[in-house]
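Structures follow.
One chain, chain A, links the two complexes that follow: it is found with chain B in the first and with chain C in the second.
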Partner chain A sequence: MRYAFLDEEAKKEIRRAILKAVAIPGYIVSFASREMPVARGWGTGGLQVTLSIINEQDTLKVIDQGCDGSVNAVNIRNFIKSVTNVETTTSTKEATIIQTRHRIPEIELSEKQTLVFQVPMPDILETVEPNTAKAKIMHANADYSKLWVLLYEDTSQFGDSRISNRYPVLVHNRYAMDPSPIPKYDTPKLHNSKALQLFGAGREKKIYAIPPYTKVEPLKFEDKEFKVENFEGRVCQRCGCENSFLDEVYDDEGKVHYYCNDTDYCDKNLNMKGQK
Partner chain B sequence: MKKIDIERLNRENFRSMMNALSRPGSIERIEPLFDSHLLAIANTLLYAEVSYFYKGNEDFELINAITNAKDSNEKEADYLFCDTIDENLFEAGKVGTMKDPEFSSTYIFKCKDFCGTKVKISGPGIDGSFNTSLPISKGFISKFNEKNSYFPLGNEVFFINENAEILGLSRTSKLEIL
Partner chain C sequence: MAYYAVKGGEEAINNSLKFYSEITQNAQALDDESLIEGLTFSIDKVISEGSLYSKKLASKAIKRSAGDLLNASFFLRAHRSSCQRVGECKQLDVNEMRLKRRVSSAFKDIEGGQLLGASNDYEIKLLIDIKKDNLDFENFDKKSSVVKSALTPLRNDNLIKKLPKEETAWDITRTFPTAPYPRSAVLQTMTRGESGSVLGFAYTSMRGYGDVHPTIGDLRVGELDIKFTHPFSKKEVKIGTIEATAVECVGTFNKDEKGDTKLTTGFGFCFGKNETKAIAMSIIDLTLYNRSYSVGTEQIVAADFEMIMHHVDGIESFGFCNHYKLPHYVTFQTDYQIFKSAQKYVESKEDNK
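The block that comes next holds the complex of A and B.
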């Protein structure tokens, strides 16, 4: 089998799309998405991006909603390991490539890292303009009036935007971009990130990127503050952390428990407590 | 006979190019193919669906055979390779359209080293700004700024020096002569 599963021609095409995406931050580049040994919609875009950039020196981490141990993450990690033989890790710090589904790790990433997002719906205009040809022209003209109208309608009726995740962002003052379904809590982390951020949508055949140290702002009216999820008064029941993104878990008796969503972050907190 | 793993070379050289472009002005190592750094980069970038133009003395025959890329002219090529930093060639390449800004040329220039005009470089990929030296003339810098003044239209430029190093400039990079 070839190194990293994809044939060289496919890799070269994806690499070209990646380079163009890096050069035009936030712009959606089309590519010929290949059949992968997982179903489309299960992370084939992120997988193809990872397989096209990975090499022998890399250490790979795969997370699904912050967790290294979920079905999607385990299977993708095992697959990439089987076709590349790279080192894998659950430690955010040690990884050079982090493939993620719907979360940005809790700790700040470094310049040596690349974050690869699995994206279900790459075009943020899809919610307001279902015709993709028209949406492309809107991107060309930087015409995001329909997005602003959506925000205005929400704000006038409900006092704020109702968008809970996948919050639209403006990249490098030019392109409105779908940040993949990350929670609003993670949206500010896109801005000025030290790591390169690559986004792959396999089913929709699109790749886009945010280079390091790039301005990324949530689309917001000037007089409205961008509010993220609030976990005030709640702590992780496992590690006691008070300032992380928490999962709400119901037990058999219907009682609510809170745990860190980022399992590596939670483990590291526990380890530090153990050392003390 | 020494065995060459071309695919390994490609993935390592691609990572260097990706790092160089995502952090404009930073310097990355590249590995040669057929004793040439330019051919190694050409082999990393070219495939059957892209076109290229080459102005220089290196032998592209093997690269043509391996990659099957289309030989084109300087106005239409996706990739333009040149043995020298040619200002006129830089002016000729396509910059894409507002609808499809990715249909633009990428330049790969050979140079002796990265010494030359002192510039302040800023833009995405750079933490604020920093001063560096680029192997280009003041005329080239003003052409670069002019061609990339109407974002998202523009060109990416890579420089390869004789020490097996690569340096990239993105279309979002802002160059200021010091």
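The block that comes next holds the complex of A and C.
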């Protein structure tokens, strides 16, 4: 098997798509998208991006819904390792490439890191315009009126947008972008990130990017606050931290417990406590 | 207490794979030859949807997935990605097919005759055996097995609407087009499409959402030679033979680009023996390029390029459908929180009334 699975022609194409995406923040770039040995919808876009940029000097971290130990993360990490032989880690700090599904790590990323998102639906306009040809014209004209109408209708009926995750953002005052199904909690982390953020949608054959230090704002009305998930003073029962996205876990007796969703962050907190 | 809920993925995967190999181990014992010969239609479905013409690899894939044919096609597609492209073969002409079967429902008698070949179309579908008479085979003359499409006389008389010819065919596996989609890309998407999806979309246009009731102008199953220009000698060489199905269906008449009234046709082509899929494909092709004469134009899903280009692929739709099995606890929790606050908002609004 060749290095990083993909043939050189495919890697070249994907790297070109990435460069174009970085040059036009938030713009959706088409690419051919090879079939991967992992099913469509299971991270093949992120996988192709990662395999095209990875080399022997990299240290890889893969998370799925915040967790390194989750089945999909384990599967993808093992596959990438088997075709590249790179070092892998669960530590957010040590990783140079972090492939993620549905979360941005709790700790701030650095300039030396690249965050690769697995994306199911790359075009935010899909929520309001299923026809991709029409959506492309709307993007070209920066015509996001349908999104604003949706936001208005939701707000008038339910008090806020009904969009709970993959909340629409405006990148560099130009393109409305789908940030992949991260919780609203993570949306502010996209703004001015020191790390390069790459988005790969395998099934939909699209790549887009947010270069480091780019302005990213959630789409919202001036007089409405952007509300993120709220854990009402709950703390992680494992590490005791009060400032992370928490998972609700039911035990065998049906009792609810709360734990950090970002397992590496939780482990680090525990370690620090142990040292004190 | 159960923090284990989110860890231990590695072990879980290994165990799950072990269980899977246990329930599928009998399939591995099957012999490739008998699978290829015996379950020939399964093999053909897999090479067609997997878009890789290798009966041997298809057999391997079917065994690996213990008869789950969609899964088997997925194996072929993944394998295909790891193969380096050698080049392009010479364009095939289905008129040059060595026929094993060829029927036309548009004409009672045609040049070369109706040739039923191997088909169970007219079998009475009973699981119990009924007594069959001894059959007397009429052996088919190999020399006359190459016959042009039954629509050739009409085409020669310039009665059939022609679509503009593309200079070079698109290759959707190298670059996926954005709208407007070239016809070669549309046909490629359909020929790789999942049989059931292609059939489902075609059925919508035959039944309530469109009015395409085509006639089969020419349906053929047979062999085609694959020719390739030798990279050194630059001579044309035959590198192999494939089995394929091709269909030309005829719709009603319509105006062509010049405004002349012509008969419309649709084309379907698949690897292997895939008659239902090829007919369905030809119907969608016909519908896509002739939506103007259909009733209820807005609602005809099979005439919508976006609908066809993005929804017939089996590997894509099946993968995405199954991805719902992946953990979604973060996304579900965000949904739940929004639901709770919306509920509160609506209730408080009603209280204030």
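Worth a mention:
Rule of thumb we're sticking to: the second predicted complex is superposed on the first by the 276 of 276 C-alpha atoms of A that agree within 3 Å, B and C clash if a C-alpha of one lies under 4 Å from a C-alpha of the other, contacts with A are read in each partner's own complex, and residues count from 1 in each chain.
Everything below uses one rule, namely that contacts are C-beta pairs under 8 Å (C-beta built on N, C-alpha and C of every residue); 3 or more make two chains touch, one makes a residue touch a chain.
Just so it is clear, the model here is predicted, and its values are computed rather than measured.
Of the two partner chains, neither chain B nor chain C is touched by A:Thr59.
Of the two partners chain B and chain C, it is C that touches the larger number of chain A residues.
Contacts of A:Tyr27 after superposition: chain B is touched, whereas chain C is not reached. Look at A:Pro211: by the touch rule set out above, it reaches chain B but stays clear of chain C.
By the touch criterion defined above, A:Thr90 reaches neither chain B nor chain C. Residue contacts after overlaying the shared chain place A:Phe5 against chain C, while chain B stays out of touching range. After overlaying the two complexes on the shared chain, residue contacts for A:Arg16 are found with chain B alone; chain C is out of touch. Contacts of A:Lys136 after superposition on the shared chain: both chain B and chain C are touched. Applying the stated contact rule after C-alpha superposition, one finds that A:Ser110 touches neither chain B nor chain C.
Of the two partner chains, chain B is the only one that A:Leu196 touches; chain C does not reach it. Comparing the two complexes, residues 2, 9, 13, 136 of chain A contact chain B in one case and chain C in the other. Listing the residues of chain A that touch chain B in their complex gives 2-4, 8-9, 11-13, 15-20, 22-25, 27, 29, 52-56, 111, 136-137, 140-141, 172, 174-175, 194, 196, 209, 211-215. Chain A makes touch with chain C in their complex at residues 1-2, 5-7, 9-10, 13, 30-37, 39-42, 44, 64-67, 69-75, 78, 101-103, 120, 130-133, 136, 157-160, 162-165, 181, 183-185, 203, 205, 227, 229-230, 238, 245, 247-249, 251-252, 257, 259, 261, 263.
Residue ranges of chain B in contact with chain A, taken from their complex: 7-8, 10-12, 14-15, 17-18, 21-23, 44-50, 97-99, 101-102, 106, 124-128, 151-152, 154, 156, 170-172.
Those residues of chain C that touch chain A in the complex are listed here as 1-3, 5-10, 12-13, 74, 77-78, 80-85, 172-176, 178-180, 305-306, 310, 315-316, 318-323, 326-331, 333-335, 337-339, 341-342, 344-346.
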